[in-house]
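Chains: A, B, C and D, in written order; residue numbering restarts at 1 for each.
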Amino acid sequence: MEYKEVLVYSNVKVQDDIYVLSLEIEDDVRAGQFYMLKAWEEEPILARPISVHSSENGIVKFAYQVKGRGTKILSSLKAEDKVYVLGPVGNGLYTEKFKGKIALISGGIGIAPMLQIAKGLEGEVDLYAGFNKSPYLIDEFKKYCKNIHIASERDTAYYRGFITEIFNPFEYNIVICCGPEPMMKRVVDMCKIYATPVYVLMENKMACGVGACLGCTCNTKEGKKRVCVDGPVFKGTDVVFSA
Amino acid sequence: MEYKEVLVYSNVKVQDDIYVLSLEIEDDVRAGQFYMLKAWEEEPILARPISVHSSENGIVKFAYQVKGRGTKILSSLKAEDKVYVLGPVGNGLYTEKFKGKIALISGGIGIAPMLQIAKGLEGEVDLYAGFNKSPYLIDEFKKYCKNIHIASERDTAYYRGFITEIFNPFEYNIVICCGPEPMMKRVVDMCKIYATPVYVLMENKMACGVGACLGCTCNTKEGKKRVCVDGPVFKGTDVVFSA
Amino acid sequence: MWFSVLNVKFCGVDFKNPVLVASGTFGFGVEYDGIIDITRLGGLITKGLTLNKKEGNEGVRIHEVRGGMLNSIGLQNPGIDEFIEKHLQRMKEFKVPIIVNLGGSSIEDYVKGAEILDKTEIDMIELNISCPNVKEGGMNFGIKSSIAKEVVNRVREVTKKPIMVKLSPNAEDIVDMAVKCVEAGADAISLVNTFKGMAVDIYKRKPVFNNIFAGYSGPAIKPIALRMVYEVSKAVDVPVCGLGGIVDYKDAIEFIMAGAYLIQIGTANFINPRASIEIIEGIEKFMIEQNIKSLDEIRGII
Amino acid sequence: MWFSVLNVKFCGVDFKNPVLVASGTFGFGVEYDGIIDITRLGGLITKGLTLNKKEGNEGVRIHEVRGGMLNSIGLQNPGIDEFIEKHLQRMKEFKVPIIVNLGGSSIEDYVKGAEILDKTEIDMIELNISCPNVKEGGMNFGIKSSIAKEVVNRVREVTKKPIMVKLSPNAEDIVDMAVKCVEAGADAISLVNTFKGMAVDIYKRKPVFNNIFAGYSGPAIKPIALRMVYEVSKAVDVPVCGLGGIVDYKDAIEFIMAGAYLIQIGTANFINPRASIEIIEGIEKFMIEQNIKSLDEIRGII
């Protein structure tokens, strides 16, 4: 993990409030890891954790949704602008160890880390992506996934409803999930029935991003764990969901 | 006085840390008045008072020196950017009333308000401008001034020393001065000897810019006066200088 | 569509909305005339007035810092008589409740000031107990509840106007202070005044302010001010007027949910002269969006 | 050229520069290993430790606001024994003074904790009296000087390690608090801990934090923290360690001119992980530019 100033290579709007930011970063990155990004001087005071969307040839890409003050500033970045980065942070996934049929399940911008995960997996990978409105960031997955299932609560071109309604854990050897907590809880509960191993990418507000502040903990069977450095990837069955 | 959002017409660097910002403002402005400018959302919290350098055809120009946080942000503005303006603020000078030989004396960026003043004067106007290093903003004055005297503490192409050393109040009917307080005090003292009427443009930190906070007062013979609305122009002999 | 109402009855006075402007940040109102529509405000609070005219402090009076500002105006004001003569009528023309912020450097000052104000057409007195008490060596009236209690008691005796006591956040125990002021006859409590802060000019190697200390205000103080408003609202049964760092309607709603009947906009007037108006509009919009018919539904909900 | 020295002797311990990292913001040091060169720091202060392991608070633990943040970690820590077993040796490898921040929810906790620490190789104890006192119904030990005095007294009896008492800015009277702690045997005073603040989630209509209140830190608190450091420095004759909102070298110099021997960097570590190093470099540069040979020349100059 390193703290440094890097340059923006590009920052592209892919849809409404969804952007892909490419930064000139030469790090060795594991799928599921993230960076603390800060592209401002005074306000807001804290950096923002954003997952690696993909990492290749000295460019790390981040896919993000504009939510508030920080991501709004990110969305205004242009090539050559400076960004402070701290990372790569987190345990990430040792994707090379996973074999067999693998399901990636995402809700909303939870799709962001899935690309780098899909790229590293050797087995047969299916993507299940749920969205509120229209889907985004799907195209790139076609190279790495066998089947792509899309659900949307509002876009009638796709399955109308929650993605969990069209996913069956029985068909898979491993499930990896990233999205809102209630959705991850649902997926974990479904996987438990068939004893399918499931990994979740947890989220929480973060201050330090290095494991020092204890602000980002989540509850697990072995007590409180820091999402930033003990996670963000946890075994689904270890997490004690709050919802 | 009005509070509104206006657009940047242009923002030009004229030298090192000196810029001229042109804003699309349609107001009736008196020479010596200023605006409270704010081109940022959160930090710094307060607007910055900047004098009208000139006003013509719906464009108000501001000449400013980069000093700290606020003026640094101003210097990064580009055409079409938005700026919050409150103004025009202050008593200003009723230049049309002034007749005869008039001396404008400036120190450093104190030259900024002098252009609009020179433009409004009908008498014979001489400019005395003192600088630390090289002079700036001088060219425009050639149209409105008969003689231009320049002093610099460091640029050997000009009189080497303080501008007050080459100025004689005896030659003038009216003197108008803007610059660092010690310089204004010196000019006022010199004018007293010959009873030459002298006006000074005072400066102070400002919060409201409308006369409400009482943060910007200066001492005068009639007690404390607000620089923002009772000034910034004062009769030199009324001011009780602190230095 | 829902119909939301913003009006608040507070100490018998009708406020058409809960958004007032704080003492010392809005002069006597007229300074902002033409810049915003003052008749839309919930009410006006005057610059702090003292029995006699005061020139205020020498030296630097304002200093900006991250998220806020320090001020050391020193209660410069024309005195109560000149206020009544020259400013009150003009203020009344805005047709909103007028609250006079009353300061003093001795109990007698407060009492005489209140006696004069009692005979005017003002709607309420906001008793500013953050003034340095000359008899007690300059310590604020607002630090120790026993001293504050005495001031309130004495002022209570001489006026029938509603008295809102404005607490200093520097009080030793803000809840006890509020309780004591109510016991002494306060009809309402407002809080907070500025925090005692300071700044150093590292190049001059001197404090920025002649008086060393100055009053800290602005968005930076909000989390502490909000906490105090919450604690005091729970502890007293008179209505509370909350302020301290409110810059947008979300801040305002936080204070209302923490228990405030009215709120005041101070430093935000400098940050954005339209802040108070935008806050009124923002509260209204929030209430409509959230199907809230009256502020009673959310006030003190936490 | 001038030669400036940054070293400070404080309670008999040699610090090569006055810049320490504050408790709870730097873990046990190792978390920042590789990100900055920890051996360059003046010293390390551990996360607050209690006699027994603590899981800390449920719910939201951090919330960002303008100019600062609120935290409600709830003293999550592995307990003193596990600290000594698993973390202390690794911390010592950074070759800088190690200060343990000691908390407790009863006087017995503090005393037992200090007894154990007394036998270790740590350089100093920072007594964190901002912990909720379970016997007094959760009110902090740090509010009333009489209670703080008792804790310090009792801890003093069981250890020869230098004791630095860390004051809460929520103390009723910060100067009296400092004086009483020194009377009770404190070798030094550090201040400030976090301010009691709060935030409301206006959409959920609930406080953001499960405990309602949380600790406020960051640049926003600086003017108040600085004022308290100044007041305490003038009032006690033991050395003072200043903190609260320091983000750059200029802030640090302000605290030193206000009287601080050492300073601590807290929230700024999150804002910029290199903050502590940049502050050391900045102080050095300032001293050279201003021809200051030693911190003794400017410390407490105002």
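In this text, a contact is a pair of C-beta atoms (placed from the backbone, for glycine too) under 8 Å apart; a residue touches a chain by one contact, two chains touch by 3 or more.
According to UniProt, the chain labels map to these proteins: A, B = Dihydroorotate dehydrogenase electron transfer subunit; C, D = Dihydroorotate dehydrogenase.
Note that the structure is a prediction, hence the values are computed from the model and not measured.
Participant: Just how many steps, at minimum, does a route from subunit B to subunit D (Dihydroorotate dehydrogenase) need if it may pass only between touching chains?
Facilitator: 2
Participant: Show me the overlap between the contact partners of subunit B and those of subunit C (Dihydroorotate dehydrogenase).
Facilitator: The common neighbours do not exist; no chain touches both.
Participant: Hey, which chain ends up farthest from subunit B, C-alpha centres compared?
Facilitator: Relative to subunit B, the chain whose C-alpha centre sits farthest away is A.
Participant: Where the CA atoms of subunit A average out and where those of subunit B average out, how many Å apart are those spots?
Facilitator: Here the centre of subunit B sits 55 Å away from the centre of subunit A.
Participant: On a C-alpha centroid basis, what's the spacing between subunit C (Dihydroorotate dehydrogenase) and subunit D (Dihydroorotate dehydrogenase), in Å?
Facilitator: Each chain reduced to its C-alpha mean, subunit C (Dihydroorotate dehydrogenase) and subunit D (Dihydroorotate dehydrogenase) end up 34 Å apart.
Participant: Distance between subunit A and subunit D (Dihydroorotate dehydrogenase) based on Cα centroids, please, to the nearest Å.
Facilitator: Chain centres of subunit A and subunit D (Dihydroorotate dehydrogenase), defined by C-alpha means, are spaced 36 Å apart.
Participant: What's the distance between the Cα centroids of subunit A and subunit C (Dihydroorotate dehydrogenase), rounded to whole Å?
Facilitator: For subunit A versus subunit C (Dihydroorotate dehydrogenase), the centre distance works out to 47 Å.
Participant: Which positions in subunit D (Dihydroorotate dehydrogenase) touch two or more other chains at once?
Facilitator: 66-68, 219
Participant: Got the subunit A residues that touch at least 2 other chains?
Facilitator: 42-43 - these are the residues of subunit A that touch more than one other chain.
Participant: So how do the chains connect up here, line, ring, star, complete, or something else (other)?
Facilitator: ring
Participant: For this structure, enumerate the chain pairs that meet the touch criterion.
Facilitator: A-B, A-D, B-C, C-D
Participant: Within their complex, state which residues of subunit C (Dihydroorotate dehydrogenase) touch subunit D (Dihydroorotate dehydrogenase).
Facilitator: 65-68, 70, 172-173, 195-200, 202-203, 205-207, 212-213, 216, 219-224, 226-227, 230, 245, 247, 250, 253-254, 257-258, 286, 290, 298, 301-302
Participant: Which part of subunit B faces subunit A closely enough to touch in the complex?
Facilitator: 42-43
Participant: Write out the stretch or stretches of subunit D (Dihydroorotate dehydrogenase) touching subunit A in their complex.
Facilitator: 24-27, 31-32, 34-36, 47, 55-56, 58, 60-64, 66-69, 71, 73, 76, 218-219, 267, 269-274
Participant: Within the complex, which stretch of subunit A touches subunit D (Dihydroorotate dehydrogenase)?
Facilitator: Per the stated touch rule, the residues are 1-3, 43-47, 84, 86, 205-208, 210-217, 219, 223-224, 229.
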